[in-house]
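Chain lettering (A, B and C) follows the sequence in which the chains are written, and residue indices restart at 1 in each chain.
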Amino acid sequence: MEVSSASEPGSRSLAEIGFAAVLIAGAIVVIVTASAYPGESATYPLVIGVALAGLGCWILLREVLRRRRGHAMAGSFAEHGPRLVIGLAALVLYILAVSQIGFILPSVALGVLLPASVGFRRWGLSFVVAIVSVVAILLIFVLALERPIPPDILSPLGRLFR
Amino acid sequence: MIDALLHAVPLVFAPMNILAMIIGVIAGLVVGCLPGLTVVTGLAVLIPLTFGLDPLFALGMMAGMYNGGSYGGAIPAILMRVPGTPASVATVLDGYKMTQKGQAAYALQVALLSGVIGSVLSSIALIVLSPPLVSFSLLFGPIEYFWLGILGLATVSSLLGDDLPKGLIACGIGLLIGAVGQDISNGTERFTFGQLELLDGFSAIVLLTGLFAVPPVLQMVEEAVKTGMSGDKLKLHAQGSVLRQWRYFMPVWLRSSVIGIIIGILPGAGGSMSSFLAYNEAKRVAREPETFGHGNPEGVAASECGNGADNAASLIPALALGIPGSGVAAVILGGLLVHGLRPGPQLFREHPDIVYGFMLQFLVTSLMLAVLGGLAATRIFGQVLRLPRIVLAPVILLFVTIGVYSVNNAVFDLWVLLGVGVIGYVLERLDYPSAPIVLGLLLGPMIESQLRLALTISGGRTAALVSTPIAITLALLSAAILLTPAWRKLRMSA
Amino acid sequence: MKLLTLVAGLVALLAGQAPALAQAYPEKPIEMIVAFAPGGGTDVAARSIARYMEKYLGGNARIGVINKPGAGGEIGWTAVAQAKPDGYTIGFINAPAINALVIEGKAKFKMSDFQPVANLVYDPGVLVVPKNSPYTALKDIVEAAKKGAGAVVIGTSGVSGSSEHIALLNFQRLADAKFTPAFFGGTAPVRQAVLGGHVPAATMNLSEALQIAREGQIRVIGVMSADRSAYLPDAPTFREGGYDVVAGATRGIAAPKGIPADIIAKLEKAVDQALKDPEYLDAAKRAEIPLQYLGASEYKAFLDGATRDLEATWKATPWK
């Protein structure tokens, strides 16, 4: 994504407005939800909600006015759009996979596939790093600290090796 | 006391107990530098294992773990922008900037020595000043805690960044997140949306990790840098030696230690507040406050020194009264009880050698940290940074994921991590500062609940809020902190 | 592939599988769910007893303590109630907090979803005042409360609906007076508040007040147990003061209902033997843990009784 010139507002400026709008909407939800709470529980969130709504309007109006005057926030929102999408997708898929089939396999996959998907092709290195990380995690968390890991499809395999 | 100390010396330096302290420091470094894992977790696992052992062996491990863990959090904070513990958030601000400037090794050394100085002074305070400090801590009731919370929140003024409304929004978001969960005084469920997991509110560690660890990972993917940091960035030569500059750091160290010790002895305030207050104070009195947040070593020094000074001090009310000054102190109390050491004044009478031995162990482990911490940070942890950055990104994510999961053993928290991480990324892209969110999150609940307690106890009279000298002092201090930046601006323009 | 073998070995470790030598229970690790965070009182109790239970369950018995904190215990207790009743998931439950949750009608479980195994700890509630307080007995504080309605503030370490709050409501009803509860949400802050004289009175559990009471830094004006505690024999009970308030916190082990009777018996016996282990007993005594063993059937009767009492209180004065 190219850096936009000042005369033509880039995605950064839009994101600025978009986020402020989301913030105001969120603040309104907070205010509405909190009004239903009994008196002393409601005061604190109400005050914050109102303040956030006000500050959100400030940011929103400021950016809108700046656009009118022709000096909107320059630049684009993401540093590299396509790779950001890859990163986000990887993040969502990874968490989803961990919640479904456990920690070990998705972690190794993430360690190898994420670098590869943005053009890193030293497979051996990324594979070794992924394996070493997973082993280190299992040693520290499971063995030393007795912390459980998410339910893993590999756990039953453990029986075979004992 | 001198007598008891002398008696304790040979016990503390018995070979087995030295070993225990070394193990403790190393274990502390490990749990501290892994986001999501805390010293509390490490100690909880350790305590039942020490059942039949010599008390000083067990206590030495605990002291080592406490000191090691508090510095451990700074390592990933400085090197990767991922705070290992809530207390190292303020360290990120300048520490990571220093790494970006190629001063990683120097930043680590500043953090380490500042932490050690803080811990040492705090241990000395524990040994020498326990009785008077205890009576001071008892002067704090709900009214005083309310103002202490306000004082902590006032330090937000030094964290707001260049864009005032954005800084305030960040703080507001933090305060709002802090309000999530069940209201303890009437059971109202606020913003839980029927989720059982949210009844106790969001877990601070989960939020913090999402907020700070996920955005840099996404950024690494975007940048797709296929090389790592060059090895000499991790060597100290030509980056300066902290020891030689002790004159420069001394004022920061002294101020931060005093702040850390005072906050430490107040149960319920805690490490993150010490580091923020110390950071704020260093910035407030600095000649060029605008350099803070852009890689000023004093920022790292203040934050880590305040954090280190909090440790031993938080044991003062724990040992003398049985009131733990922090989550870690609470677990250590549990560990003492297992060994039949019941906290309170009689502990000092009945087991002086053990009490003073334990205090000495705090001192000794602080000094051990100076050696072990430095080795761990540059020789082991630092070398990881030499991996290509794009390979490092998934590694950070793996550790963060498992760390966050193990906080509550709940998959729910992984989704929170994801959500908060994405929001954190957006905020960062739009130049909203992250630190005020943390401050709001940690202090909001304290301010609200203490205010309501104070009003309940006073029967609703608001005048009670300024009825004690400490309350008035804290209120005035808060005002001073809030007004300093404005006053500075006024003076500059005049 | 050495690496693979290593991984496999680790997987084996994490599964912690004991070889299936004997066909007897337990042939794989038992999960012990603790509904509170690591380092808390229940967690420490669980981790300690688990080591001795392993010893008495025999063979290669392993018990892994798993913390599922949140929602005042509700998350962990739900996990216990919904677990497979095969004896490999057990958990710590805390009466009467757990009973209160059920009576409020919000919990996803009923008390009958649990099969009680054994109770370990009974820690009675106490009412304490600062050392220079004008109140020396229960009747003083009741009189003061009657003079100005709601004028006496009592700090509690719990939240609204906690066992302490409910005990306070009972006391109020029996004394025909009104107190104003101040919820501190934790033991440490309320203890500090009463030591520093920031609240006129406070409730907490006996074990939390023992040390500072012996030192004379606070005064215990009432213990909510049937008899005086051996750890603090000078402190009068509520009954002696003329108010029949008996309340306290318990910690016990339960399993999901439907678990085979012989497994319950095994677990029950292991707890009993663990509690009698000299090493454990010694540590517990030194730490002054108020141990009170109840076997499965007694424990069940106790839990049923707690539910009945709470239902009556809920009808008279709902706490939420």
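Things worth noting here:
Throughout what follows, a residue touches a chain if its C-beta (ideal position, glycine included) is under 8 Å from a C-beta of that chain, and two chains touch if they have at least 3 such contacts.
Just so we're clear, the structure is a prediction, and the values are computed from it rather than from any experiment.
Graph distance from chain A to chain B, where chains that touch are one step apart, equals 1. If you compare A-C with B-C, the chain pair joined by more contacting C-beta pairs is B-C.
Chain A and chain B have Cα centroids separated by 24 Å.
A separation of 39 Å divides the Cα centre of chain A from that of chain C. Mean C-alpha positions place chain B and chain C at a centre distance of 31 Å. Under the contact definition stated at the top, the residues of chain C that touch 2 or more other chains are 66.
Along chain A, residues 134, 146, 148-149 each make contact with two or more other chains. Touching two or more other chains at once are residues 41, 45, 185-186, 409 of chain B.
Across the complex, chain A is touched by residues 3, 6-19, 64-66 of chain C. Residue ranges of chain B in contact with chain C, taken from their complex: 40-41, 43-45, 47-48, 51-52, 137-143, 182, 184-187, 196-197, 199-200, 267-268, 317, 321-324, 327, 330-331, 334, 337-340, 342-346, 408-410, 449, 453, 456-457, 459.
Those residues of chain B whose C-beta lies close enough to touch chain A in the complex are 27, 30-31, 34, 37, 41-42, 45, 165-166, 168-169, 172-173, 175-176, 179, 183, 185-186, 188, 190-191, 214, 217-219, 221-224, 226, 387-388, 390-391, 393-395, 397-399, 401-402, 405-406, 409, 411, 414-415, 417-418, 421-422, 426-427, 429-430, 448, 452. Interface residues of chain A, counted against chain B in their complex, comprise 12, 15-16, 19, 23, 30, 33-34, 37-38, 40-41, 44-45, 48-49, 51-52, 55-56, 58-59, 62, 77-80, 83-84, 86-88, 90-92, 94-95, 98-99, 103, 107, 110-111, 114-115, 118-120, 122, 125-126, 129-130, 133-134, 137, 140-141, 144-150. On the side of chain C, the complex with chain B involves touching residues 37-39, 41, 43-44, 47-48, 50-51, 66-72, 74-75, 78, 108, 151, 153, 159-161, 180, 182-185, 188-189, 191-193, 195-199, 210-212, 214-215, 217, 279, 283, 286-288, 319-320.
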